[in-house]
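The next part holds the structures, each set out as structure tokens.
Each of the next two complexes has chain A plus one more chain, namely chain B in the first and chain C in the second.
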Partner chain A sequence: MSSTPRVVEAGLRTFLCAYEGYEEDPFCLGEFVVVREGAFPALGVVVDAASGPEDPSRPLQAQGAAGQTAAEVLAENQVLRLLLRTRVTVVSCGYVEGEAIRPLLPPAPPPLLGRVEAADDGEVKRVTGDGAFLALLVASPLCDDAVVAAAIRSAAGAFAGEEREFLVGTGKELARLLKAEPARLASILRGVAG
Partner chain B sequence: MTLRLEQVAGELPAFVERYRQGLVATQAGIGAAHRALGTWAGDRAGGDARIRAAMAASARPYALSAGEPPTSRLAAPTLGPLSVVAADGSSIEPDRFAPVQCYVINTGFVLLPYGVGGRATLGAQALLGPEAATVDGEDDGGESGGRGLGVNLLRDVMELEMGESVAAEALAWGPAALLLDGTLLPWDLDSRQVAPEVREAMQRRTEAALGRLRAHGDGLSLGAYVSGSRGSDVVTSLRALTGGEGAWPLADAQLFAGLLGDGERSAVFRATSQRSGTVEELPVFREHPVWFFYLRVGGDLARVEVPGWGATSGRVGRLHAAIVDQCARCGGYPRALQEAHEQAVISAGDRLQFARLLENEAARQRLPAQVGGKQMSKRRRAI
Partner chain C sequence: MSERRNLGVVVGGSLAKSVEVRLEPGASAQLGQYVMSPLEGGSRLLGMVTDVALKAAEAGPTSWPPPTGDTPFAALLRDVLLDTAVYTQVEVNPYLEVPTGGGEPTRARRLPRHFAPVALADQEALAAAFAADGQALTVGTPLGMDDVQVWVPLERLFERSVGVFGKSGTGKTVTTLLLLDALVQDARDRPSRGERTVALVFDMHDDYGWRMKFQGGERQGLKQRHPAHVCMHPLEDNVANSDGRLVVGTRDIEPADLEVLQTIGQFTAQAIEVAYECRDRFGQGWIDELLADDPSPAVVRKTWREGEPPEEVNWTRVASRLGFHSGSLDNLRRGLGKFRRKEFVQSGAGQFARVLEAIVQELLGGKSVVIQFGRFGTDMTSYMLVANMLSRRIWERYRAEMEAAQGDRAKEPNRLVIVIEEAHKFVDRSVAGKSIFGDIARELRKYNVTLLVIDQRPSQIDPEVLSQIGTKFCFQLDSEADVEALVGGIAGRAGLRQVIAALESRRQALVFGHALPMPVVVRPPELAAGGRAGATLRARLEGNGARAERATPAGLFGA
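So, the complex of A and B:
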């Protein structure tokens, strides 16, 4: 299954998106996504992804013959895909206004059922280039050190040939934001170094 | 507290003990019934003739043999590629305190392909009725006019029609088994509490749907699944054969529980009776007689009803194998039926929301509110 996830809960700071069913390969941790619909198309960073039953009162039972892989069990029981959902939580880190991409909270939430797509390299570079997006991430209770580090690694991938400059600039911005939290800064930098 | 449990809890041990003693007392009867089954198997034609003679003077349903020895215990054949289809329904009965008398029927359906083409499909279709709004008065005895409007009957008929429709799609990909929840013929098809014109219309629709199912041919197996059956056709027939006195099994399930192993089915039997005014006298029963077998799945003894024309060994074998496989996938109950139920179910929240939608629409159209004292007291619950 590879459906386009859609916004199912929308807020200014976070939005939740869901695939139509179970998605083995959802957006990755730290990936930049965009909802190109609504008055202010919103950009955000994936902070969590979870899969499970659509109806929480119906827990998924372990099933399948010994030796069967998950793919084989799902292929034999197609209905399971229809009863499961993969959901991805996104923290806002910018929005589009006219020709500009602003690394700020969007003035309005993205529209419910808006399609959530991977941001292209140009969008990622424009929203992360000056490092301002980091302020929204480090302030979010949903972004622990691992998420911030994953977002920086993800963004660096969009700066082909200019990765070092991007990482140096981002490091300086992080140091400024976290000057009172040296332990957190060190943790994030270790995460970026991988 | 609404129920003072201490007032009944003390009586439970003795109550359960009496029931247990009753079961013990039937053990001798079960043994006698097993022996009678063997006798019947030895002379099926003679046994059937004696059963027919006995039921002439009885209002009870009986079973006749249908080609297989009554003592048969058959393992499920190997399951080939097929689609399993199921339909189930749920309804909101008319509320006589509501501003407008209406009902909702939600029919869930499932198509599950196993080794054939097509995609797994889940869905439901909701219907608001009746087509012509009722403004007639009703008797004051009942809480609702649902029985008179035949809501349960219509729901059962719509399940059959929905199942036929989805099965027709599934057959494009190969063989299929259609499972229905409950009896093959709608329970209220002969109910005097349903208005005659509604009953007759439902009888025609049932006959038409079963006719279309029959026309689909050998590729389709049809079975109505009654979990935890309390049917007693076979033990009644056996009693007629023996003239048995004393303790006797109350239900066929008690008899077959000691005969069938896990996944095994009994012989196919024909349901019959000479009761007057019941479903057996209807044209739909003559055209689509109910045959049945029992199937053991874990601790459950299920009765599976099939139309007489669908009781060929190939169709029954496919149905048997499909049900056993479905139960293995879903903790002892057919997966397709469970999911059809989940699609159909109308939650308490949905019911409340519908009631509010109806009230709001009635208010918008300035219909006079018909708020009864009983309804108000239930809502207010003031002290």
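So, the complex of A and C:
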């Protein structure tokens, strides 16, 4: 990753962060990220990532010779990278208060231009351990089944050796949240089981 | 090994029906198991699992269940749904409130609060519930609690009638033998005759007298176990170890003895009326008179007292003279003829009165008596005739003794338990009013005589009689009518019906009623091979060089 993305739009439920330019390898879908700045450092789950022109009125034109890869085209046209942006949408799923990590909406949005970093395994385990984070994801219109499944899969990576217990426990929490939507539950778990 | 005791939490219910308990993940419960839950104020509610149900929080998971197979998705979905979207719930009949730290258990009048924890009952709670003062016997171990024994006070057990019900081969006979053995053992340990409870056993299949044969082999009967305290009177001749053969004289049979045999002896109602008339008119020898080919001069004289007899005297003319249809007299004579052909029935007075008196003295003397039917046991008419004749006369003696005592307990006869098999034949709806056993059941302990009935078809027993049976041992029963007859009118009977329906086919019984504070499903003790059931207790007592006045509850049947 060539640069650290920063918060460019902040809300309690979602925040948008952007890289300085075009980023071929942004945060992954479902990855847990954290903004460790502000009164209440916020944790969230990546629900979308998009790349395109900085100025929407100047759409990117297809270019490059036949047989050239994207990397070769960008290498030939360095200016292009400055005209493009990669943006990542994050749904809040918790915040840090003192020593505790609470799987709730943060009291205040993360600061604009705050640095957005990948959460470490410890932070992921603490915010996902009891499955409560799922309530915020399930309730968000930005989170479809694929996003929830990706988030659970991503979190399971932090529970080395206990993935199965985590998946079943989280699945049970999800089953309670989606008790009236068995088809959605099955769809998400199908995504989790891969 | 520590056994898992936490089961789940209370999620609903009522005192009138049952308490609903949602099981914790991984927990399981069996029908008939005891559970407990804390009540406000420090007591614990003790109840029995009467139903186990699979439930779904929402219809979805059961409408679209997880796919079968072991794919990661199927396995994950199953694990996720189990104990969340779908779960197990048990119904618990609440019975007792057991104070923590001691105190008398009382009937349950409160419920635990929502989400109160529920656990398998522990030994302390069950010991408090089934605490027995004085002599007691174990009726077995509750389901899933092999380290716990259920004790029943003997005194309380036999102060009202007892019933042992179940299909053939379920363990009725073994249990009855264990009860009788405990009864005789208890009588042996009591110095005063008046304090002893004795049994009069009508042993249809020679199970209780000398030895008992059953699917598990052969065991000692009561006479072998307690030779000095049990007398055996067979109907057959030349029976070893007998204390005197029982022979019935035709002069001993009264019309009332035939009345209860109306159905099984194929007597018409008019034939019974004829019997009463003939007994009145011809005297004690009425049966011998009727069995003669032609009316005797004595019959003629007593029939035509005020006029000349006809030239030709025959039984048709006798019937006509007495105002009966000749067919009724023929029916009576045919039936009596069948009796007379039985080996244990003899013309005249026979030895009945002497043996009857001997039996009465044995019983009043604190000994139990077994009437062995031998090959006559397969003949229901013989069984009913003898059981009725003896019981009627002994009952009358007991009643006379009680009335003579005029409330002075020291002069009252000792308590008598009459044991009958195929009880429904004696006390079914049609004959309960005529049978002496109906009277005994209804009068209860008024005259110190109670019943121990053994039967496969409790639904055939007169409900009024059945309702007087205090303690019931219920082995497996298939017929809904039989089950309903036993639990009808009992609080929580719906649950008990489920419990009875789920009993195993052998050595598993639901015991409930007067002698127990609450119903219990038990596995009755094994009848030890080669030894008597009470041997352990006796050995312990005698080994210590002391004779205890009262045996402790710790093991009438051994460890």
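Convention: the second predicted complex is superposed on the first by the 193 of 194 C-alpha atoms of A that agree within 3 Å, B and C clash if a C-alpha of one lies under 4 Å from a C-alpha of the other, contacts with A are read in each partner's own complex, and residues count from 1 in each chain.
Keep this in mind: contacts are C-beta pairs under 8 Å (C-beta built on N, C-alpha and C of every residue); 3 or more make two chains touch, one makes a residue touch a chain.
Predicted model, so just to flag it, every value in this text is computed and none were measured.
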Chain C versus chain B on the shared chain A, clash or fit after superposition: fit
Which superposed partner A:77 touches (first chain B, second chain C, both, neither): first
Partner chain(s) touched by A:167 [first = chain B, second = chain C, both, neither]: second
Chain C versus chain B, contacts on chain A by residue: C
Partner chain(s) touched by A:180 [first = chain B, second = chain C, both, neither]: second
Partner chain(s) touched by A:69 [first = chain B, second = chain C, both, neither]: neither
First (chain B), second (chain C), both or neither touched by A:57: neither
Chain B versus chain C as contact partner of A:194, first or second or both or neither: second
Gap in Å between nearest CA atoms once chain C and chain B share a frame through chain A: 50
Of chain B, residues touching chain A in the complex: 110, 112-114, 119-120, 122, 329, 331, 335, 339, 342
Touching residues (chain side chain A, partner chain C) in the complex: 167-168, 171-172, 174-176, 179-183, 185-186, 189-190, 192-194
Contact footprint of chain A on chain C as seen in their complex: 57-58, 60-61, 63-64, 66, 71-73, 75-77, 79-81, 83-85
In the complex, chain A residues that touch chain B: 55, 58, 61, 63, 76-79, 81-83
